[in-house]
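Heads up, the next two complexes both have chain A, just with different partners, chain B and then chain C.
And then the complex of A and B:
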């Protein structure tokens, strides 16, 4: 076992001691109205629990429902979407049944989100320092001066160059990487228990991406927060996630500890995902499916059946159970891939 | 400092803009059919008398000479003489323009209060009853002719209820007008400490201001509502919601982002209403500049018309410069 892994083990060790998870998402369902017809179900019963201090990766291609999940956990599903069912338990409360006023006080305070494309997400007319400070003013009840002090400290923590000057910069004066650091500062200034990173580094070039990720995970670990790390890039999750969930078409199709997912993926979709990142042409050829653009909603049965190379008739008829194949390793498949 | 440089850059263009406006309006006014000399002298005038007057007025000169004479007189502060009032146009406008500006300014303030408030509330809750009321209001305000609305208000509040004073000018006839300082009676009576006059001036303003204000709140309401809806759906508002920013603050930030569009429509209305209020001025016998200009157009009295166009143009230019300065202060992306 090499040094990095030892360190990772050490960090995730306290997480295993907690009995009740920090956040427990149960059978979360989100629907979008589709003009007269039956509403389209975008999240089809998500179950996911995260313990305190744990980092869980959530991988999925675009359209899988990643952002919908991130926003629905915060009670604000995107667009005309609606939370049709399910519960989110957080710090002992079912937060989806909270009043809007109570839920509002949690957002940004105990539960916060790091968004992608931050230059569009920051208010163009307000100075970055004021936007960061307003988080502290709203949620921690500190006065303006103290809030600015905290904001400046936070800008130092996110290692933005020349933080004093950036306090007075407007969003359009920041580079993409700097804006991403500002958004991280806003997400972490109130020391939240749970951070959702929603594809936070997409749109940044690779070197900046690596810096931002290292920074985000370091700060989250220092604060002792838990994180749901949402990304399109399964390769990133290998670096720091304790467990990884694979989202496909609004369903978690596989959930496993990191090593198990990468070494013994059980769901054919996961295997395909890993293969697409693989350098082995043999693996790529055998698992990549030519028809990836067409997607059909299957009322019953496995969502992946149309694209699955090993699908059987039963896959189109019956929804597979979310079965445990190894310790903490679940897959929603009738024919999980066997290894060894 | 940057704002001064910006202002200077803006002001450089004012002179050519004004010259252009004078030229175009001169040509347009000159193309109105009707010979002033004939109208001035009446139906019994002899040909010789008309020819003599034409020569005296410079009407026998070619158009460009007439224009040059007009511009040269302008430089000396001479806007010509109205043959109807037989007074210098400048004096007439000094008296009438403030009356119109006072009326239009108070009307616009009312329109802003009604339009922006309803627009923000409607955008805040797009499916609420205020949004529905706003939709109907926006439609009907666009469809109602203002002079008709003025007549309805006069009928209800003067004829039937007797709450409003008679729609015959800006003051009760029993009240001696204050010596003109600003020309706005509400301000002049206050400066003179004339409470009775102030009360009368305000009372006379109520119905015309209600008319113009409520009718022109429509476009402000529509613009505020649609821009606010867009801003509240934009990424930064959604992000603020995700960050737990209270709704009032989210709405306030969105309003600041929506403000440039709202300010634009307000400034356009302000310039437009100087002339556009004329029907309401006539209904209330306001004696404003719009009325004066229309009289000029109808009687081929060209100098009042040109003077009015010039004053309105200067007024609009000032408004637009102020608006540009507001943009400058509102949006750091412009000021950089």
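And then the complex of A and C:
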């Protein structure tokens, strides 16, 4: 049985729908200062809810705001960024209003993140086992011996070859795939309810990537947690996520169940993205306009209007609503594409 | 016209400082590239793809084996300096890191012309032509790299390679750092340049989907060996080496129902290139393994026209799943889904490409 099949098997346990969402992001806005001018809004009101057992994909190109969203959910927007508004509800609390001390108890324990570039994340001077065990010691309050036992079990769960020996390895002795597994082990050892994977598989080779994805799916299913899976690779989300949100210029422009997003995409930006993966020049010509001019931020109207082949005057004047086009299928577009 | 590039039994071993051991990066690579042809070189990191490219452009000296550009032996690069000048060019992966941030775009593009001893006017004209070739506006000649998007920066990288009118361009992961839309534009651009100028490409990439659509032929590398090479269509539709098959099965196409069938699921990690196993390098990960594979390296067997495979059981591998052209099925599906759509509320006023 191959990795993707394992993935689909593990996913067959249906997400318990109808329940209140595990995490509910409401109108999240993040700004960056820009010299003397008005601050630049990089997240323009994000609404996204994820239920237990669900894997939601978040796709977008570089600069769309993916990492800013991941870090803002954890209460630590990157660099000089500032959370300018909105709420994040998690396990019954609005966590953005928590004190730093309270947030710190949540981060790593109930909410955790798997980052790309695992080697930069790991402390080069500490042995792998000690780094993983320290997560359990800090957050679960277990003693050193128990923490090491949990760490070893975690290394087994992430299917690192020869886990006993890897406990004593330093990060530089691990391959990229193994280092990524260690970072996943650290993110999951406290059995978090919500995991954010921020482009965690992009640096990996495809065969390793398939194994890591299967592993993440299995662990999420076994632990009954939920995941926000952030990636540039739209292809992964087609095989791996229950629902997919498409981020463009700090806004979710389309949100749909997996099948609907790929078989009946509604937002022109989504169509352009899919067209660029199709290797069909004809399709790309229909759905893109050449990127010759500098991109500009539109004060009002649709952010995509300047790049949209079907934009009308109204698109530059009025921000489109995030309207439902089908069951659970939303698009922020005045003229969503209809199929059939 | 004669073959542009011939590599015969190339080896490259890197010594490890303070040790008698070596990293066996390339272990007997042979390939040819014809004029106007694209050879896609695919494989995972550490498979030796980049090292092959660097040996061709002369950044690395091979340990053994020969590389010929047309009839010139590249080991004697210095002797053929004049006739080789500008004939082989390289495009790098990271467009922003491979451009000098303090140098204007025009100067970056014209630099490779300096050894060609052209007069100033010819250099200026060739630079302007190169810029036009990659579809950048003439006013960008005075811009600095930081003023450009990464897609535009990579166009500059391509213009810099094309300005000398090379016969062979080594493209080392030219699209990996780019967003999907910029990537697709660069692929189109490379195809168009090739059809206009008949340039041969060695296209190094781990992105199989891109390789499928840009390459005429493809070579699959694993631990410094080309385990299979043949026409892109044959190798992708009916791989005969278990590694090619396993690599293809890891491709995730952006379609929830399309997946490349394979009887091989690659588990575990690539063995270390310092201590290569005896016999076939894939034996420890291969579901088709037989005892012989662990003792004996399978020789290159010719299984079709310019199609070779290093596997004792290539017939069983080929027969294990029905042949299928999944990449093209996906393209047709995409055309069906994205092509039939009509925007609601407005008459379709789809953009017409300007030429």
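Heads up, the rule we're going with is that the second predicted complex is superposed on the first by the 315 of 340 C-alpha atoms of A that agree within 3 Å, B and C clash if a C-alpha of one lies under 4 Å from a C-alpha of the other, contacts with A are read in each partner's own complex, and residues count from 1 in each chain.
Keep in mind that, in the parts below, contacts are C-beta pairs under 8 Å (C-beta built on N, C-alpha and C of every residue); 3 or more make two chains touch, one makes a residue touch a chain.
These numbers were taken from a predicted model, which means no experiment stands behind them.
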Judging by the criteria at the top, classify the pair chain B and chain C on chain A as clash or fit. fit
In the overlaid three-chain picture, which partner chain does A:61 touch, first (chain B) or second (chain C), both, or neither? second
Should A:238 be classified as contacting the first partner (chain B), the second (chain C), both, or neither? second
Rounded to a multiple of 10, tell me what angle the C-alpha centres of chain B and chain C make at the one for chain A, in degrees. 80
For A:336 in the superposed arrangement: first (chain B), second (chain C), both or neither? second
So, A:109: does it touch chain B (first), chain C (second), both, or neither? first
Which of the two partners, first being chain B and second being chain C, lies in contact with A:28: first, second, both, or neither? neither
When both complexes are superposed, which of chain B and chain C contacts more residues belonging to chain A? C
Nearest approach of chain B to chain C by C-alpha atoms in the superposition, in Å, rounded to an integer. 12
Taking the complex as given, what residues does chain C use to touch chain A? 44-45, 137, 149-151, 179-185, 187-188, 206, 208-210, 212-213, 246-247, 249-256, 259, 262, 265-269, 327, 330-331, 334-335, 337-346, 348-354
Which residues of chain B touch chain A once you look at their complex with the stated criterion? 235-236, 238-247, 249, 253, 256-257, 330-333, 336
Enumerate the contact residues on chain A facing chain B in the complex. 71, 74, 76, 78, 104-109, 112-113, 115, 117, 120-126, 134-135, 138-139, 170, 172-173, 186
Across the complex, what residues on chain A touch chain C? 1-4, 61-62, 161, 175-178, 205-211, 232-240, 258-259, 262-265, 268, 271-292, 309-310, 312, 334-339
